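Listed after this line are the structures, all set down as structure tokens.
Both of the next two complexes hold chain A, though its partner changes from chain B to chain C.
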Partner chain A sequence: MVVVKRKELTLAERLYLPEILRGLSITFRKMFAPRVTRQYPEEPLPKNEVTRGQPRLVVKDDGNIACVSCGLCEAACPAYAITIDGQETERFIEREPQRFDIDMLRCILCGFCEEACPKDAIFMSDELELADYTRKGLIYDIEKLKRPASALKRRIDYVHKINRRWPTSSST
Partner chain B sequence: MNPLLALLIKASAIYGGLLGTAALMTLAERKISAWMQYRVGPGGILQPLADGVKFIFKEELVPDGANRWIFRLAPLMAAMPAMMTVAVIPFAGDVSLFGVDFGPLSITDLDIGVLYVLAIGGLGVYGIILGGWASNSKYSLLGGLRASAQMVSYELSMILTILAVIAVTGALDLRAIVAAQDSLFGWNIWTQPLAFVLFVIATFAETNRHPFDFAECEPELVGGFHTEYSSMKFALFFLGEYCAMIVMACLTVTLFLGGPAVPFIPDAPWFLGLAAFAVKAGFFLFLFIWVRWTLPRFRFDQLMGLGWKVFLPLALANLLVTGAMVSLF
Partner chain C sequence: MTKIILNGREIEADPKQPLIAAIHADETPVPHYCYHPGLSPVGSCRICQVEVKQGEMPARVVVACRTPVAAGMVVNTESEGAHKARKECLEFLLKNHPLDCPICDKAGECTLQDYSFDEGQGVGRSVEPRRKLEKRKSLGDVILLDQERCILCSRCVRFFEEVPKSPQLVVSQRGAHSVIETFMDRPLTGNYQGNIADLCPVGALTLKEFRFEARVWNLKKSASTCAECSRGCAITTEVLRGKSVERFRPRYDAAKNGYWMCDTGRFAWGHANSEERLAGSAVRASGGGWQAVDTADAIESVRDLGALRADAVVIASPFLTVEEGRELLELCSALGAKPSFVSPPANDLKDDLLHTGDPCPNRRGLTDLGFEAATAEELCERLAQAPAALLVGERVGELLGDGLAELSDAKRLVALECHLLDIPAADICIGVPNHVERTGTWINIDGIEGKIGPARQAPSGVWRTTRVLSELCAAVGAGARQPLAKGDAR
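The block that comes next holds the complex of A and B.
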């Protein structure tokens, strides 16, 4: 049997009033404590390399995206947000996406596409704001997804650092 | 000046002040609660105005099976008594503005001011009971029942504490009670400290405020007696509650803190007295909000136990001792 020992209350505690005054003094002091409210649209959210925002396609220094339309991110996506159609290209990588759409309304920002990508082509950016007047406008195509590698550098370095913890994974 | 015109001007000034303060109190409530929770709170002094406009444009719903007449009447019955009781509160001494003498700053000066406040203030509970009953909803009904039980039991000890004050002062007229406390050490709080504490706590129960707000306790009763109310009718309940708070704060100041008496300045001009009154009443209004955001709600049986087993005996004993002292010395 569990016996819970109740604390014996002192007279001051049973009188309520001293304890009430103590509580009142606490709330009064807290009125002058620093605020935690963030004025969101004017004052941006704190972001760092761990922030997992919307996925973006990396544009390499030569102006092309790194994607070879292998379809691994499409397969990894638990929300079926990614749609890829591939095509051949004259470039050395031989294949590139003709169409690469991410339905941002479906995307759950899980980061599986980033993990799945063998070519370091897709990364989670720190962009989180999502608004449009139509649903169609929120299906992002290649042009909307493109970001220069410099803009995503912090995240790319972070992912590489994380991946170095598992130098030999079972699949490679 | 025509006394009727002076009365009209005074009445509109006092009612404007009352309703304006009530509107500001809704803002203060939200702002102070925000401060106590590290938040910023709503910005802007026009917030009550926006709330009011919003309330007016909301749809008015009358639930099926509700008693339509009483349902519509109840918010008025809840709001009116609080607004009526402010009539006898003496806010300041003789007012003379631009060389015109307006007389003392209170709408009327009844010989039985205290009785009037208690009699009319006691009617406020009808609005809550009838509103709860007429809604045809179990939550509303329970809220109304709780409100009635609570108000009746706390009104008793409140009246007993006031009786002690009356015994000390020997007058039922609020203006005479104020006149008897013109110096700082003549305030009734020094001769009646226990009555003061009991009275302040009883005002919390009387106005249905935390920690005694069982009439509208959200986790148990959805919204209590006003669950089914919407739009301006809902706003009227709130107006009534805030007006009752203001009246109770004014009454506390009048009965225990010398009303418009300014400490260390005897025969202060009327505007200083009014400012002193506002500061004192403002403290109690702040206390209402302050306590609300500090203490959790009581349990209902604790509330009734406190009212009948602690407050009533203490108030009776206080009255007994006061009576003995007054008749002996």
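The block that comes next holds the complex of A and C.
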């Protein structure tokens, strides 16, 4: 049988007060230190060009989206969130999406679609909030995905910048 | 057979064939655009260059499609010289080829794309602008030509000259101005135009029907047999997202269709894609309307109806497979009835190449089993006199025609159909899978078997035809039979 002998307390320990003061000193010190927690959602999260929010379709200056429904984002999507059907258009690009649905509940914000897009049509926005009363409402169609190029400019510039580091011929 | 040495190994080669055929027979990859095993070789694209050493001559780079096999040839497909020659050739082919891949319907099954990915350089060195030509040139009802994408391999030109033997396309102009054209921009004619879209190694010739319908990597492909005539061409059924059939394409079968198929069969997905499918079974409600029921319940009602009797007329669809035919014969022998199948009249699509003009894909199989071929008029007359009838197989109602609608209400008629047979005489409709949803065998006019394969699933309430027939067979006169499990879908 092992007998553990209790440690003899020192006088300061027996007095109790010095330990209380030591603890309170930490409390007061932290009271005036800069805060690291945020009052989300009242206080929005910091967002910069590296933020990968939900994917959005860029609307060009002529009012059309740049997408030609090539299906590469659909093929690249690891979560099978994207569904595209193409249709003929009279414009020079020949094809445009008839349907471009992203199931935001499936989307894992990985950014593969942005990377796969040969037409600079889809970019990760800084929009992160997602709420609705139905699942169906969270399957976004073209109208819900459209964003003017100005709203995504920071991300577009950033993607172009990092793409320049690995030059390829597909710069059109 | 001759012996040649390919990449250091000795292989057998047919001296009557071009070298590329021997290389491909050995499953060694060599790219090729203008060469096609079903057409004469011309050597216009130059991409199949390989290094050949023969006798005392130094090794030289030749096009494999225009070099005959000779004894003692030493062929190297991977030598530095061969790679360099092919790479340079590819650069020239891509010189004027637009960067259309995101829009092009061929992307994903384009050999130019594949080979550029394997060996291309990624960056174009050319500073001159690309050729600007017509991008949406209509060549008749079937084909759309994009002249910019064309690499002038002339497969389509040779196809019309050699296969249907009706030359319609030409390479007009010379040198860098060459384009594929029809004479005076006349539309293409004939029943074999669709083949040139398959032949085209790039996306220059595309099907209007398939234009922008789907990306090819999203299509699930399965081997099957064409349902349009008694030739039974081997085909591939391509289905998008498990729902709609987007394409039928020919599959090589030396005994039946070679590399080709006719446009009638190629675009014959209308029935298979029809929205008004019978997703389960339906019985006539007391008010005269239709009530959807489980197939198990429908079979129960067939027994209660008393339609299974010796004087019932049993009519099969010409689309019935041999397996289903056998099952139906079992049922007929249990009933004591004599089976026959609807034989629609020959159509005027018969030609010397493939189409037989006979719209029954399994005529031979059903006749060999003992089914009697009868016209729709004959069968309708028989139906009018019989007290009960059993119609089995897809489109049987459609093929029997208007005569069905005139049958009296008092008749006990059971139909195993893909679509609801909405005629006054019909009492029970049991849904069955159509020919893109089931497996089986059809026997073509020459007695060659062709398997039909399921390209997609039938609606969950639909049972296999063979199963419905065997359950009906068990129901004949069997009063003490165990009832079927209701939750059992198939």
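Note that in this section the second predicted complex is superposed on the first by the 140 of 172 C-alpha atoms of A that agree within 3 Å, B and C clash if a C-alpha of one lies under 4 Å from a C-alpha of the other, contacts with A are read in each partner's own complex, and residues count from 1 in each chain.
The rule is simple: contacts are C-beta pairs under 8 Å (C-beta built on N, C-alpha and C of every residue); 3 or more make two chains touch, one makes a residue touch a chain.
Everything numeric in this text was worked out from a predicted model, so none of it was measured.
Residue by residue along chain A, chain B and chain C are tallied for touches, and C comes out ahead. In the superposed model, A:P44 makes contact with neither chain B nor chain C. Of the two partner chains placed by the overlay, only chain C lies in contact with A:G71; chain B stays clear of it.
Once chain A of one complex is fitted onto chain A of the other, the partner contacts of A:P18 are absent, as it touches neither chain B nor chain C. When the shared chain is aligned, no partner comes close enough to touch A:P148: not chain B, not chain C. In the superposed model, A:G137 makes contact with neither chain B nor chain C.
Once chain A of one complex is fitted onto chain A of the other, the partner contacts of A:P118 are limited to chain C, with no touch recorded for chain B.
By the touch criterion stated above, A:E88 is placed in contact with chain C alone, chain B being left untouched. Across the two superposed structures, the residue set of chain A contacted by chain B and also by chain C is empty. If you check the complex, the residues on chain C that touch chain A are 99, 101-103, 107, 122-124, 135-136, 211-213, 215, 217-218. The touching residues of chain B, counted against chain A in their complex, run 32, 35-40, 197, 290-291, 293-295. Against chain C, in their complex, chain A makes its touches with residues 68-72, 74-75, 86-88, 93-95, 118-119, 168-170, 172. Across the complex, chain A meets chain B through its residues 17, 20, 23-24, 26-28, 30-31, 33-37, 39.
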